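Presented below are the structures under discussion, each in the form of structure tokens.
In the two assemblies presented below, subunit A is common to both, partnered first by subunit B and then by subunit C.
Showing the complex of A and B:
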């Protein structure tokens, strides 16, 4: 089968059922631009999803897709990646699907370094069910199910991924086309579990949640772009930076063209994820929020670690039978 | 796929569409707006906003030349991200046919 070359070749015939104006369209557009550049035939690509608005993603791409059960996309994708390492497997999930009901599946897929690419569309709300608070809703958010505002601290998606020892961790913004396209490309090329959080605007139930990171007039002062080997400098005048003061990150300011305190230099290859955790936890408005690749390290994948246990070998049935009938087994009369 | 601005916009140039576009892909000429086909994410939020029905999906028949024109003009016109007043005589031009000859290729203010 020849490799398709145009974004439109990856457009399926399904009618899109997202609300007009949804950030999901922006992510889909970038994915359609990326896929033809990977040199992978569409029949060798699979998108696995769970439940939620984001999980309609597989319908709209002319690849294979599985609309799975709630929160279980990483588990389904783990099985697929185990059995069919020749395929490129993506997972599309949301803040509800991935961080509420499916949070454990997510963490363990990452921990195992299964060769899958996980995209988590974070809109800080349950959109499909019409606007209840989600695990990432900011404290105090008034929603249909929290008329007096949410009371709990939100989960930080990247903190969860880093705690799960993910070997590739990144964040981008739905409408930041160029940045998102590059982050998706990096994720696609990563060998092992890649985790990408995408800030996604739900303009029906949580409009403007990420305005500080999307509005062209103000975002430069609220977002710092991570680039490997480069300082964490931001601001419309490029005179602000993130620095390390003892055990804390803080915003520092350039004075007279000089940095009194040294800006932090980003190292995405650091095996120790402590600094990545600190950068991930920077929150608006106290600090700029970071986008880009937080962590990209090389490590053996799940399949690498189990080369002689391939379930595809003919020996499997024999081994399984032997295992099941050995040791502490008995027959119930 | 992309949405495109067609003939009905010429000399009407309402800018309701600009206000709702999540990716700021409208570009302003002197008497018309266009959509950048490579930046449009096909979300469709602008289509019903247009008072003169000048925004169409490129999947409709006869849109090829409009896609080309939108792409060509988006490359040379400034981006417009905020709504502004329509021309004073916009209403008079709303239903007039054959406006293409009146299209100005001069850039707008953006």
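Showing the complex of A and C:
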């Protein structure tokens, strides 16, 4: 077993083919920073991906990797994790790969609580196929396939994950290095399916989609950071908060150092995911968008629940023979 | 009045067909008859014939379920062309199956079901028992329902349960008629049902037996002496059971755990059921969210070093197509089982066809060859799967195994193999790289197979994927020369399978007038017809192919040794086209696409036609 300390030890010899300036670089950098801290040798880590810009991720890491077919990475990872629980398996997908062609696999991997870490790079566009609207594109987005703007209601990645009963659900932003690093670390340590949506800028086909959440000058007023046990407070002056008013979330404002209504206290361990759903659905510009860990609960994994047995070769031969001769048999002398 | 014979008369074989509603317990009657015959030392072959609908409206022709069995004192390979004894539980069952009954054959009907209502639901204008349509047959009018109700009265079961015991009354009649030992079925009844129901079923069986013995309608009964077969421990096996056992055995022989991913589909689902029952042998099943996930998870399992396998039927295989091509590109061992059914699209889900051969051999984008093997019958499914996995591991390739609905559900006696006598499947995983050079995941051995390096192995970290790879390093490459080289390397590797086949043997003379060529589940009918023709002194040989891609290396020479070659298949000529393309030989076709298996007489007729053409052209030449 080799012990590694440096991010460069996880750098593969492959030339990176993302467009210079792509948000994917920032995510890759955080991953390279994280991996040496986990105490897992590189040979025990596998990155599985689908198709799309994000899915080139495995090539750039000196671990085992399998670049899949479009949308199927969670299925590939499910088989691998079932047979090789000794490995740490990551899935890298995008908004088209994970929420359109492969949405079903994503939901089913999550509901089974397969022990895999799924990162969904959301840039709200199909990049590799040169700019068509994706399932997360906002209505009205003008793209190659929607010259008059898309009319489809966008999917919310976290709502999908929560509907799939994911046991770990989080969101971060590509260039928010410290926050992303921490969210990835939490995901890595979670036992079961971890789902992380990462806002990622495609500066070629959908530049600035997440400016409100990335631009240092304005983001404080548009993003609220979730911390377990703490109130949902945000704003440059920390004078804004998210509160629960009847069945709705709303923005509340501090006046004279006092909160008129109580800010919501975040509980990531809540078994009931209803509040997490409401927080996930807060959308810019009406509401701040939440980043951080929405949900982190303990539950048995897929492998914990399956009736898998690993008999020794000798024992297996014995059992197989018994199975083959089960039921009615007769002997011909 | 004739005196009833007291001693059963010996007979060589009998074909029985039991028919009724799909809820009548028809398959149970068939299964018990098969099991009992096996225990009595007879050979047999069965053909369950049931509709796609689980419970179609009672008494209608849509809901007719059937089970045909041929029991013999000699080796038997098909469930039989013509039925000797037809049992019909209702008018719809009678009229749908009468065409199978041979002239002067016996038809046993439940007369109680031939009332006005029964005739109306079967949409019959007149009663076939009275209108002369059964004049050519030996009709036995048995009051099965009413006699059963009477017989079970003492047990106190409900009216409904009493009616449900009817199938055991029918077993009783059949068992008396062919001197079957009732004990195994009585044991089954006692083990399967609660006490009251068991008593009712037993009473029904005995009443049926007594009915056979006492009624004047049967002048005598028969005896089927035992068959001589190779020594060993036997059991009954269906094709799908044999596939399941074959999968687990192949995993065992190659020292790994089985991962079987599947999505429910007729007629492949029972493989998933059976493998699921074998978890104590290390088998893992995964009922996926769809066909694509089923195969992708199996590919993930193979990447991790397990035995990845998936099974489906034609429509499901269509969905898996992209992933199969992906596995070709990854060069990982993987098994894909296709239990073929009638197509295209949803087609005839429960019926047999061999129409997915092109799909198996060619149905992928790009140049994506893989070995294709077909099982010739229920027991052979076991050997075929084991061989397929041997090829997959040796050549690092996905392999397609073809079965069909007929083979999947048909049962036959099977000599259980001794595990220790099966050759282990040798698999090597590299553990280090020679020298300091980087690991080459697409380096190749003598069989052109790449190394199966497993995650978890230090020093061998590498990335694979569906994009074209550079020869050796496996790095992404769009280089045109490299791409063509890789296309040819993958093709050549698959051709290497030929070197791993056992030799191809022709049944009969190795050269002559006519060669009947078959593949898959039609072996029995073709072989029986060939045996008959050879006994009659005809120059007819038979070759059954297990390997459909690549073809055995000696196949071309074999085909060229015959004046006429006929490919008999349950499709519109797919093997025939492949052979013509490969060998430039004018192969003829015998084709049937009715969702039904070949009858021996289909083949016999074809043999006669081709031999007479050959004779005519001989005379013409002279």
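As a convention for this text, the second predicted complex is superposed on the first by the 306 of 333 C-alpha atoms of A that agree within 3 Å, B and C clash if a C-alpha of one lies under 4 Å from a C-alpha of the other, contacts with A are read in each partner's own complex, and residues count from 1 in each chain.
Just so we're on the same page, contacts are C-beta pairs under 8 Å (C-beta built on N, C-alpha and C of every residue); 3 or more make two chains touch, one makes a residue touch a chain.
Just so it is clear, the model here is predicted, and its values are computed rather than measured.
Peer 1: Thinking of the overlay built on chain A, is A:259 touched by subunit B (first), by subunit C (second), by both, or by neither?
Peer 2: In the superposition, A:259 touches no partner, neither subunit B nor subunit C.
Peer 1: In the superposed arrangement, which partner chain does A:332 touch: subunit B (first), subunit C (second), both, or neither?
Peer 2: second
Peer 1: According to the stated criteria, A:108 is in contact with first (subunit B), second (subunit C), both, or neither; which is it?
Peer 2: second
Peer 1: Quick one: subunit B or subunit C, who's touching more of subunit A?
Peer 2: Comparing touch counts on subunit A for subunit B and subunit C gives C.
Peer 1: Please write out, lowest number first, the residues of subunit A touched by both subunit B and subunit C across the two complexes.
Peer 2: none
Peer 1: Residue numbers of subunit C touching subunit A in their complex, please.
Peer 2: Answer in residue numbers: 35, 38-39, 41, 184, 229-236, 245, 248-249, 252, 255, 257, 259, 261, 277-282, 284, 286, 288-290, 292-294, 296-306, 308, 322-323, 326, 330, 415-417, 419-420, 438, 455-467, 475-476.
Peer 1: Contact residues on subunit B for subunit A in the complex?
Peer 2: That would be residues 1, 20, 22-24, 39-45, 47-48, 81 of subunit B.
Peer 1: Quick check: in the complex, which residue numbers of subunit A touch subunit B?
Peer 2: For subunit A paired with subunit B, touching residues are 8, 11, 16, 18, 20-23, 25-26, 28-29, 174-175, 177, 201, 203, 216.
Peer 1: Applying the document's contact rule, which stretches of subunit A touch subunit C when the two form their complex?
Peer 2: 1-2, 12-14, 41-44, 46-48, 58-59, 62-69, 72, 75-84, 86-87, 104-105, 107-108, 306-311, 313, 316-317, 319-321, 323-325, 327-333
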